[in-house]
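The first chain written gets the first letter, and so on, giving A, B, C and D; residue counts start at 1 in each chain.
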């Protein structure tokens, strides 16, 4: 088992004809992901690596039965691409695009409430179940099938961890980059809930960073609902305080959001927090072995 | 038991200082409904029949713990009143107002998706659990406590039926007017589902009318999910066909929506359809007795 | 409230939609003046509320002066009877003259608020023209329906979906997308219940034109659509229905002789059913509504009395928001003012019914009181037999 | 991107928000001209990005010519250091002169897109003025937060909620509701991350005025906010940060001497943590991002090399969307162009890492290769010790 993706995942790629879209479509295909369609408005009839391109997601879904979408559409058009995928009934939408305006994402997130579509991202590396299905831009070769679930706000930090896990002999059930933007789709809690129920997963690693309060909320959830061991890491312990956003930000968040606050919240919930990134894989091996 | 309202219902009235609002607040109070607050913007501090008036629903809910709202606000402001009640966390919103523009109601219905608030109406007489709680404009004295659930699109037609039921010795568990507007909140199916689960209710009467396809959808639901006997009546069998709405209406609805189509759909689902309004109560007594 | 073609086009053109050059004429002479000045081909179009005008001779195309003269004089003043009109059809007293365009393709495009899906529904087809209902019935796959979330509004991807489904790419896509966005905006800002363009023509030069356009406005929204309300053309309406409208009454004139006054549309329809079941024919549908006051009741009563076909009246009120005492006062006032001669069966139940009955009894008027609906039906039946 | 007070006010005034009469002056002489012409009382306000200007002498009120002269010359040219600025603070080279108004009450009002609630959050308080953060900390019940659904938009009932909470009824309600609606519209249409009015003054005559106003625009949305992008004032920015911005790089200058080039903000922060754990101090935060190309890498490298404090560089790349071969080519080009003298530790993993390493190895440059993060940390530590 795994979460969110499996051998029945049929992928379409929005923005498949762009440079990055093409490159990563090929990488996903090589990994064995069932890429069944591409979408670029105005380019129906073309092909990318043997994959048919359609004008619209609706056409692609109708013709190919795609149930997941990977989005490489540029920021000005990315919110629309997400809404299009959801409207076409795509179950899982992975938006790689970075730099989508926050007002666009607020509207998207509200529109998706009550929808049956799950959004991962934007500004994320994607999701991979090693050996089965890769949707995203993560380097494939560092992953190994196994039983550790990985959730992260940061792309490259995830690669770093996964590489260490694999080298330490720990394979992964599913690795999810939820994205670094303030407004995103699937969050820590959704992933934690899914990993908690997933039989294959025996341990979870959660990579957070400063800003927002998602880690604090996740800590509460872990304490109440997650029985599996969880290792945590927070990036940004030595980062200078963020630039001030006027009073309003301070009024909303108070003193929450700092690395120290997050680490404290996680430790209070029984999460094994470890801040030496270079030895994080080794620490996981030790922690999950007990 | 009953559905949607009970002895714990704490009612606030939006538009309480208007003529109709005052009149029906008094009627509800006399019936024993726990009216705890009124709302009229700009009139906080006033009282109506000893009930405190607040500027906003949020204030009223916070001060009085109201969990239901009855709305008498005029059409231009009614959609906003519904949204305000939902935002303040009111569980049950009964909108009596007639003549709300359809574009307003489309927006309201969409906004309420995924909300925890239930809307009944607009353009409806309200809901009553005889002997316990009356929220709406129905004449109270015709009702008797009992075990028949009543659902209707039409206000006065409901009174007619209830009066006959009572005279035929059949009391009612709960009577709900879902309203005659094309876009409304709670529909036939929501009520049928609730009555099907309600222990007190042993039989259901459903009053439909021409237009739309809500009765056809309800028929399918009854066949699949309702084990209790259902009596049906459709008003408008002899009404001339409605004025043509151009092609678009015909393209959407095809031949659906006529009284004959609705009666056929209900009969096919095992509903006891009876079209002699003058003897409908007697028919129910006979049908529910077996 | 329906708009005429020329009104709908004027409305849509304010949202950037391309309409053919056209001129409205109220007399045949004015129409011929326009023809003389503008040249050919020219379309002569009856401005009445009647679907299916084209097939019924209400729209003619002229390519010379003689044809134009014949067309103008045949259409102006005619009663236009189409499959969608009632009775002899409305009288044509306004003509729209439109410059002909060189049509390559014809599309169908409409937007309606759709209660069953809770959306603003875009309906489009590459098979535009007069027979769209037949296309819908026989080839539903040739008709695209796109649901627009009424809160999110029209999205870019939805414009693409519609345009690509119609085979419009490149520059045509861009101009179509602008047109669709304009139409959507017009629907929203004017509380339209229907915006329909059929056909939407694409000329050989690659330009779009609205050849025919229909618009219907939500009457419940006229409080915020004052400009549109002012365009209301009542000339085609039944004078009694107009009178009823003025007093906020929902009245439809029918062909029978038993007048009815009922509160609530459902009970009103059911009362008509009862009259028919009693062997008579209802003279009207009249729902006085929930918020009726004395005045409204009085005017409703007067409207029934001024219909010469009405031989008897059934008043069937079950009082909820409309209190029976209010109704009774209205009836008494109207009966006194009109010197009532017809038999009136009154059946009254619900809020303040006692007071209402008392007002009627003390009025000294000769009214027939029914104890319940069965009794009312019996008494109507007796009246019909005498 | 932050706007200056005068820019924010100009923006808000386009949405009907009432701002005091004011004049911008770039020199003290121009400022005194305005003072001479406009009369007293007059406010003299430093136009720099520094919260807490008032308490730090950046805003002065003058009621006669002598005070005005002193104020203008003390503020213009000063370096404004407040609790919210870094280092010595920005230099004041623009003044806003504003006519004084006769204030009765002061409110706080702001709108921000709030990710935790997924709403546009209105924050309001009747306790406006400079100490709003203290009010928030000590009397949170005096601060109202209203969540506006970003899709539904601002509703009438929400205007009422805010207004009544501030004690504004009757005519004041109406003018406040209009003001709030304008502010909301400004936030939406200009992609604001913050719109803050503090204080919002109510004069003794019952008029509202924006006494101070802040606005911050979403940099990700500048592609559709060209007019605002053109107002960008870079004079307060670090020249290297500006240079980085021009090349689409996310660079923040810090106080250490180990430069870093990393892809991804999370890994970049973690790399800074590692440098500190190794006993050194990072000279910067530099995230080259996911979509970096050769040019961007090259420019990032050049920026680090032009910071005289940088004594060594750590390149830490884990390639995903940024392919290591692209990075390597950028590094090689930059090193060649600049005649690289500093030690550079390169750690590279992920997509096309093999090709990247090969490009570095074949470049003939003297680069220190690290096998993994631990190794990189050790090599940085060695460099620091030597």
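Brief remarks on what is shown
The rule is short, and it goes like this: a contact is a pair of C-beta atoms (placed from the backbone, for glycine too) under 8 Å apart; a residue touches a chain by one contact, two chains touch by 3 or more.
Note that the structure is a prediction, hence the values are computed from the model and not measured.
Identification of common neighbours of chain A and chain B yields C, D.
Centroid distances from chain B, each centroid being the mean of CA atoms, peak for D.
Put simply, the C-alpha centre of chain B and that of chain D have 53 angstrom between them.
Centre-to-centre, using mean CA coordinates, chain C is 57 Å away from chain D. Chain centres here are Cα averages; for chain B and chain C they lie 28 Å apart. Among all residues of chain C, those that touch two or more other chains are 149, 151-152. Residue positions 107, 111 of chain A each touch two or more of the other chains.
Taken as a contact graph, the chains are fully connected, with every chain touching every other chain. Contact residues of chain D toward chain B in the complex are 149, 152, 155-158, 160-161, 164, 169-170, 173. Residues 20, 24, 27, 75-76, 96, 98-103, 106-107, 109-111, 125, 136-139, 142, 152-157, 159-160, 163-164, 180, 182-183, 207, 209-210, 212-213, 235-240, 244-252, 254, 275-279 of chain B are the ones that touch chain C when the two sit in their complex.
By the touch criterion stated above, chain B contacts chain D in their complex at residues 41-42, 44, 55-59, 77, 80-81, 83-84, 87, 107, 111.
Note for the complex: chain D touches chain A at residues 51, 84, 108, 110, 112-116, 118-121, 123, 132-133, 136-137, 143, 145, 149-151, 188, 191, 193-194, 196, 198, 214, 216, 218, 220-221, 223-224, 252, 254, 262-267, 269-270, 272-274, 276-277, 282, 285, 289-291, 317-321, 323, 349-351, 353, 372-374, 377. Chain B contributes residues 113-114 to its touches with chain A in the complex.
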